[in-house]
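Shared chain: subunit A. Partners: subunit B in the first complex, subunit C in the second.
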Partner chain A sequence: MKRRMFLQRSTAVIGASALGGLYPGILSAQAHENTLRIAISKAAGDLDLLKHYAIWAVQDLMFEPLVKYGKGGEIEPCLATDWSLEDGGTTLKLTLREGVTFQDGTPFDAAACKWNLERWMGTEKFEWMSCSKNFESVEMVDDYHVNIHFKAPVISLLQELSYTRPSRFVSPNAVDEEGNQVEPIGTGPWRQVSASEAENVFERYDGYWGEKPSYERLEAKVIPESRSRVAALRSGELDVIGGFWIAPLSPIEAKQLEDAGFTISVDPGNVTLVMGFNPDRSEALRDNRVRRAISLGVDREAVGKAFYHGYARPAGSLFSDVLPLSGQQFEAPARDVAAASALLEEAGWTGGPIRSKEGKPLSIEMVISPDAVPGLRIMSEVMQAQLKEIGIDIVIHSVDHATKHTEMLERKYDIGFFLTYGAPFDPFGTIVGLFLSTFKNDVEGKLYTDAEHLDPLINAAIDAKPEDTEAELQKFYDWLHDNDAIAPLLFVPGIWAHSDRVAGFTGPATEYDMPYENITLKA
Partner chain B sequence: MLRYTGNRLQQSVVLLFLASVVCFTLVVSSPGNVAVLIAELRGMIGSPGYVEQIEQEIGLNKPLLIRYADWLGNVIQGDFGISYRTGHDVNADIMNRITVTGMLVAGGAVVATVASLVLGFIGAFWPGGITDRAVRGFALVGASTPTFFVGALVIFMFAVILNLVPAVGFNGLKSWILPWITVAVLPAAVLSRVVRVGLEEAMASPYVLTAKSKGLSRFRIMFRDALPNITPIYINALGTQIGLMTAAAIIVEPLFAWQGMGDYFLNGVRFRDFMVVQACLLLFLTFFIVVNLVVDLTVMATDPRIRRQRSGA
Partner chain C sequence: MRPLVSLVTWLKGLPRITVVTVSLFLFFGIFGPWIAPMDPSAQDLSLMGQGPSATHWLGTDHLGRDTLSRLMVAANTSLTSVGMVLAIAMTIGITMGTIAGYCRGWVEDLLMRLVDVGLSIPSLIISLAVIGIVGPGYWSMVFALALAWWPMSARISRAVAVSIMNKPHIEALRVLGASPLRIYFNHLLPGTIGSVMVYATADAGMAAIAVATLSFLGLGIQPPTPEWGQMLVDALPYLESDPRQVILPGLALTAAVIGFNTLGETIALNRVPKRLSRRQLLTRRMEVAGWHKETSDAA
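Showing the complex of A and B:
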């Protein structure tokens, strides 16, 4: 082959490859017309409901529960249309929705319901759920009526039944003989077409029993970097980004997008950022006057503005009022330098610029993990400056997410930061997990425990009759407040951004649900 | 040459073993308990005893030496184990991801090579002129700008403002352009200086004077005589830059949502996913060793002086 011919041919091959590369881009632009493209920050993972790897929000697209957790904690009908608790709370009588089929055509009836529930209820693996721990049996009354019997009344039973996994329902034909889910086939409005490390693609399930989405396809695209998600939204490659667990959008990015003309949707948030004290490590923090002084010394408004750009509400209570049984809302303490200084004086911490007592300076180590709570570095530096004004030396110790868990479990901090579990787990998820001393929490550590005073209040709330639960919980909330055991800082907002292609967007009821409902796509 | 290659391969095996020991030590001595992270990932926050259960499940309760021996035994048989984070087979994950990183590094290397040769040549052809100064300026800025910033900049310019190419994704040539540019800027800047300085030195050699006296044009002398003479230095520098580009994949891949080895490694480190981290480190190291070996052999093949020197040794 002559040199000239070689050059001509190789140019032609390179040109054809380039066009081949560009062509899918042109095609995909046309194919997006009826498709909602939403970001997820990591690959969806194994969607088996009895395994623990998948992103909940992706499972939410295909799998449905008996009852759904609605906004404000309202329990709404889903695959069950009616329910009642009988026999002192030990029997749950369910009426199942008729005319529901799984995406493979299998009918959803009492047999499918019983088969699903018996896969996990009463097993050791799911003992962490009260309904599983107390499970006795499932009884099929007829094709559309099922009774679930429990050994004892189950706290937050309906909330647990609304969880994404393991509570939701998979087609019995999608599970092999060894019990492994081989295909993600549920009763939900979306059917998975393809899945990879880069994206999961869904098409609308036209046999869906409820209101069907107005668009035909949904693509969940894996984009790990927050800045790249923002860029992809701005360049028109995505329609929706955000959510605390799905594809977090930082407040500053939200502000930039808002300025660029994108619509920002901010939900009040059902997770609280709480400052926790460790009196076992810091002698100063054993005195509740010091804890109160710290709480009064922090300007929650300023901290919120420094990082959340006004999207977050200052918190005075453990739980936001958007959660059920969140109790009386205490007002977020306003910053009061004089009152904080007086409290420290009263506690014997005097002098300056850093106060001391018996020759020991008032130095407190604050452990933060910006991986766990994005922006915590900025917030902690603001707090450090504010507390210095009242004579407290805050030493910031920044660790990564993995180290944070170890430090929290081993209680190697004076002040640490905790997030409450949020909907649908709260209030009891956080109360039992982070406050009950007899409950072993190997993952998060404890926010505050007091076996003598706090445990009896928690146990009373757990054991209370439904009509007394609210009053019993209030005693627990009052105790925390009166003793300055914790310092709630902010209610972490759920921040979403979407392009003008998307109309009717509403944030999901929990941070674990995908916000696809009510959306219409403009041409 | 064969004996030299054999010696280098033997050294590589020893180096790989030592590296695996160092990797293992680093991973196990880093703070944080992977079992706690798995429990959190699985949503088992409120499950007493679950962390111990996981520790048993993944063998964290075994003595360190046994864990290392188990891992090494499996690796020798080509089995990198199961990822703690995803439960996937690490071998399968690597097979899926290695082509993505290969595409990034290969494309970046081509862009860097072409850009550096053109820029270095132009700079040397008109020394001291405005073009030379511009190339020098590019080299200075390119070599001192962090890769993540270059990435953010090109995404903003070409995807957000001009809307010419996608900001993220791995879908054909159009989506490969920005990652290639991002990963190539720094090596192109460094290599353009290698070419520029190399050509300047070569042009001061006696053989160039001879060529000039024969009436050959400056372009012809630089292209046909001086450029081949700087090949060994250039290949050496290119080898180092390819190694650095592989490391840059850790930053570039997540930025462009490419699911390659860099992204895999980063997630492994964040999660203390021992199996993934170890596998990635070993592969990266193997790649560095192979690249260095290829560079040495190429240099020997292209430069008879080095070939004689090493064969003599």
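Showing the complex of A and C:
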């Protein structure tokens, strides 16, 4: 074989191989042309609206509520176009949207609405929701008008009706005789085509009543590990990653993706990271001067910088102002070592480098679970160093997610960390769940309780007339602030990243919604 | 003077890489907290993730702490933890192994079945289970690892003890009326400890990895104490933007493990009167590999 011929043939073989290698890529790009690929951190689970297992954001794709929780807590029409509260807040009159069908063709009307509401309202399982606890009956006025009667006025009724589960609507034909949901058929813009442990695939429901997505398919791909999600976004296997619950993206990963040319979307966040004190276990923490000193001794800006790299805002209030009824925003306390030290001296904690009182060192155990709250280890190390400067010895006790729940319930901590529930549950979700002593919380435990002082304020806010709710809630916020019962640290941001294939991305109204709206996909 | 000379002669017989890495590990392990140029826990968030400079020779970590100081003090943490784990594990293992080797019969059967149970469960699983029950922390980590580590030293101790007990001088001692305690403490135990210590040397590297693994999983050393495994996991998010933070503790850990492994191997292979040449060492290694094969085939 001549040299030239050899070179020609070799080039041809190499060229053919290269084209062959590119072919699957070209095919793949064509296959995904009209598909949004979004990461979820775990399998979507059982999508039954009456069970507690599924990823909320996946259910959000198929199932719709009567009213929707919009940005800033605005209640927007969805399956109900109009509503009014009558009889002193005990009757909710609803006008249902006409022309809506479930994805199996079943019409959504008053009968379907009544059937759905009666599946869960008034049952013991959903007593944790005020509307279910106070439920009396559902009355069908005509095909598109329904009245729901309650025994007593329901606090945050419309917010509760916007929850992903159990409040949303499933086709009556998708439920078996025993009441189990056998198919995930709702009225939403997406219809599930297939589901596995690896991914859930949806196609656009063309009979959707509202604005249809501009693309035809949506794939929710299960990638449990954060760095793998980032790698998948970089390699073009995914279009969108992020969200606090959906597929968390750490701030440092977001920075790295930003540097690599990906678009980062940061929502101000409606969840607050709060430092909780346990005065029942730590004698020192019974003194609110010590609690105040700790709050003043922590540099929130620095804590936020260490993990959130500037994405998180320091918090002074329990709730961010993006939430309704969040009350007057208290300024986040600036770090003041002199003031903190003076407070500790006044409380009788003297000496150094670790202060002591009656021979007992000021040693406080801080229980953290980086699995439950990403970045908590780094933040706790920063706080440990900062509090050491004012003479407090912080002993960090790191536990896994499951142990964290046990220890929080059994109150085996001096200082623990809590996340507020966020939209659409707050403010009352967190207030009742984490502060009302008479409400049993078997999941997170209690952030702070005081049956004598705090419970009456909470109950007054719950029982207040709508026009008085804000004022009553403010009394509760003021009490927490004045007594240094808690130390809000940061408003946790919702961080998202997407490829340049995605245009028009906007963060969802709540951390439980899937951000598919307004997106257009570039070819 | 004579012990020093014999130590130097012994060291000369070891591979240089082993001498350097193990000596550095021991040096920083013992003196690290005193010679570290800065407080390893002192944070300066304005210097987060800075590269090497005149002030910070190996740069700073994600919280602005001096990496060199943290590496030095982490050597101390690792050395102390590994020492404690091995001391506890060897104490339990040697005690059980020598009792089994001395008593034989049903006592040996009982103790060795216990060892079999211990060996059948992977050490990390045992450690995780113990920490799951006791809760994470320094002492629970040491306790958990010691519980996972003792069975192998018990098995080796028993084998050595059996061979010692079969030697003629033990027979002679018995005939002369030596008490069981005298035979056990004066003859059996010292002979067994010597042999098992060789195994302990080789195992120190694996124990260092186990300590780092548990810290990597957040179940071992708690902040602010620096530890290589913890430094690795803390630096992992910065692998792309600042690989130095991952590479440095990774290198330190790798060097320590390789050092101890080669030290253990060299001591084991050199336990003959004359030091072996490279070719002899290679032949011996192949021979040992053959034994392993024979054992597996037999099993």
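Definition applied: the second predicted complex is superposed on the first by the 496 of 523 C-alpha atoms of A that agree within 3 Å, B and C clash if a C-alpha of one lies under 4 Å from a C-alpha of the other, contacts with A are read in each partner's own complex, and residues count from 1 in each chain.
Just so it is clear, contacts are C-beta pairs under 8 Å (C-beta built on N, C-alpha and C of every residue); 3 or more make two chains touch, one makes a residue touch a chain.
The model shown is predicted, which means the values in this text are computed figures rather than measured ones.
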> Can A:His405 be said to touch subunit B (first), subunit C (second), both, or neither?
Replying inline: first
> If you count the residues of subunit A that each partner touches, which comes out higher, subunit B or subunit C?
Replying inline: B
>> Once chain A of both complexes is superposed, is A:Lys475 in touch with subunit B (first), subunit C (second), both, or neither?
In response: neither
> Of the partners subunit B and subunit C, which touch A:Lys305 in the superposed model: first, second, both, neither?
Replying inline: second
> Which partner does A:His32 reach: the first (subunit B), the second (subunit C), both, or neither?
Replying inline: neither
>> So in the superposed three-chain picture, is A:Trp128 touching just subunit B, just subunit C, both, or none of them (first/second/both/neither)?
In response: first
> Where does A:His145 make contact in the superposed view: on subunit B (first), on subunit C (second), on both, or on neither?
Replying inline: neither
> Which parts of subunit A are in contact with subunit B and also with subunit C?
Replying inline: 227, 399-400, 403
>> Could you list, by residue number, the parts of subunit A that touch subunit C in their complex?
In response: 227, 250, 252-253, 255-256, 259, 302, 305-306, 370, 377-378, 380-382, 384-385, 395-400, 403
>> Per the contact definition, I'd like the list of subunit B residues that touch subunit A in the complex.
In response: 30-34, 36-37, 39-52, 85-87, 96-97, 152, 155-156, 159-160, 163, 166-176, 254-257, 259, 263, 267, 270-272
> Which of the residues in subunit C end up touching subunit A in this complex?
Replying inline: 41-43, 45, 48, 62-63, 135-137, 218-219, 222-224, 234, 236-238, 240-241
> Taking the complex as given, what residues does subunit A use to touch subunit B?
Replying inline: 17-18, 20-25, 28, 42-43, 45-46, 51-53, 56, 127-128, 165, 196-198, 221-225, 227-229, 231-232, 234-237, 371, 399-407, 409, 421, 429, 432-433, 439-444
